[in-house]
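As written, the chains take the letters A, B, C and D, and residue 1 is the first residue of each chain.
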């Protein structure tokens, strides 16, 4: 995995603050569990409210975590006045999302001036054993000098 | 849009029953609002719990609706003993998900024996005006003679 | 399909000139057969040099046509000093590419200031009958005030 | 990268034979330069016939190599009577395809009974320096007991 130098030394605090302002993350019960320049990890415990018809994690939940892990991986490399948005997102679901919790790990593949490409993997974790359930590739766009939200 | 003949005359009831068993759909507050052979519509009113950091609908919510609208569009064409799963999913987000509610419309592009390809569009609706916010293309797989879940 | 007003009244001539400067298109034997604001059609007769191991059109050929039909559809809406590049590209192959020739039809789904989203369908044509073999969704980026090439 | 055990001990010979029967690969001038269980490398020297309008490698060429490198990576893990086809393919182009030649490296991410997910990276190589120009994620389908072509 490539090494990246963040433009904003306060990247971790700013990323955590943005994550905390996403109502949907707290509604799901997701937690930002690791953050380094160009990489991000998110965890989410199982609840029936997150299930599809077979009681696995819903594909939309897997996709949401994959998207957010990749997006915040890219966000760690933004300048302190930049915002970011997801241009597009492609996810393969390779196994049912099953286990006590999901963990999604995203990383930046290439950080361009305007566009960044990221990947993320999502695992179901049961008794400490991780099983890949989804793998994603996505494109993010930097919005220069655009606030990341009301409290940014 | 192509016309399709469902293999299962009870497709509508079976699809609505599967939708109702997805804990995540009711947790989001989503409603299945239209269903014809090869097509499906889902609606979801705005709540702060579904937002990202700018108070728009979270991209993961847009993706979840797009995935489900396409998936249930394919499900309408399945046999009465078939199940279905999302193989992969690609979404472009073309505008912020904004409005009183989202509406996602999915349809089958090609129904193969094993794999189906679907598309779906997601619109933010404000004062009756629909604005496209996401457009998706996805691949679904038929699982023959596999129950769709406990109560199926 | 949406209606678009081209920013450059000379869009057709400029698009045809760009197509003509693509060495790969003439090497394949592809022809630009229709062009309207926001839409483009390309045809390519079968030759064994374009085949995969079963003597169908190679998936890479289907992808190349799908990419170019969508890309030039977007190019018709560019300003006279803009260039364009493919950000990403997603293709489903739904049937073997079979027939006397392929025809690819691309159209713009949404034309943004910087990014455009296009779709294209590729058909194998045999005895006048068209069979869908590939369907694609892609993202293009406008490069403002960038020449489209040496002779532009 | 995962380690894989091929089901067919003669996988290398069979893969090279399939590659050799693709008319399009020899028409492009592509060469299969490395093959291990679950991984494949393809090289292609620059020629003007492979260019787009700026004299870089055409995006369709980058996509073709990415698709084939991933597809043959999956093919190495097939049984001796299996065939394979590309279900879908997603490519990000992250830089112009520039250099004396392209090299595409594909590998299997997950090999399922029916579906496999692969990734591939394509680099432009100039004076021994590799620059990433494309990165892809794709889905392949195994066709059991289906010949890979006339001479298989």
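Here is the rule we use: contacts are C-beta pairs under 8 Å (C-beta built on N, C-alpha and C of every residue); 3 or more make two chains touch, one makes a residue touch a chain.
Treat the numbers as computed from the prediction; the structure is a model and nothing was measured.
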Discussion item. Between C-D and A-C, which chain pair shares more contacting C-beta pairs?
Written reply: C-D
Worksheet item: Hey, which chain ends up farthest from chain A, C-alpha centres compared?
Response: C
Worksheet, complete the sentence: Rounded to the nearest Å, the gap separating the Cα centres of chain A and chain C is 33
Discussion item. Based only on mean CA positions, could you tell me how far chain C sits from chain D in angstrom?
Written reply: 22
Worksheet item: Can you list the residues of chain C that touch 2 or more other chains?
Response: 87-88, 90, 92, 139
Worksheet, complete the sentence: Note: in the complex, chain C contacts chain D through residues 18, 21-24, 26-27, 48-55, 58-61, 63-65, 67-68, 71, 85-93, 148-150, 152
Fill in: Residues of chain D touching chain A in the complex
90, 92, 94-95, 109-110, 112, 117, 132, 135, 137, 139
Worksheet item: Which residues of chain C touch chain A in the complex?
Response: 87-88, 90, 114-115, 139, 141
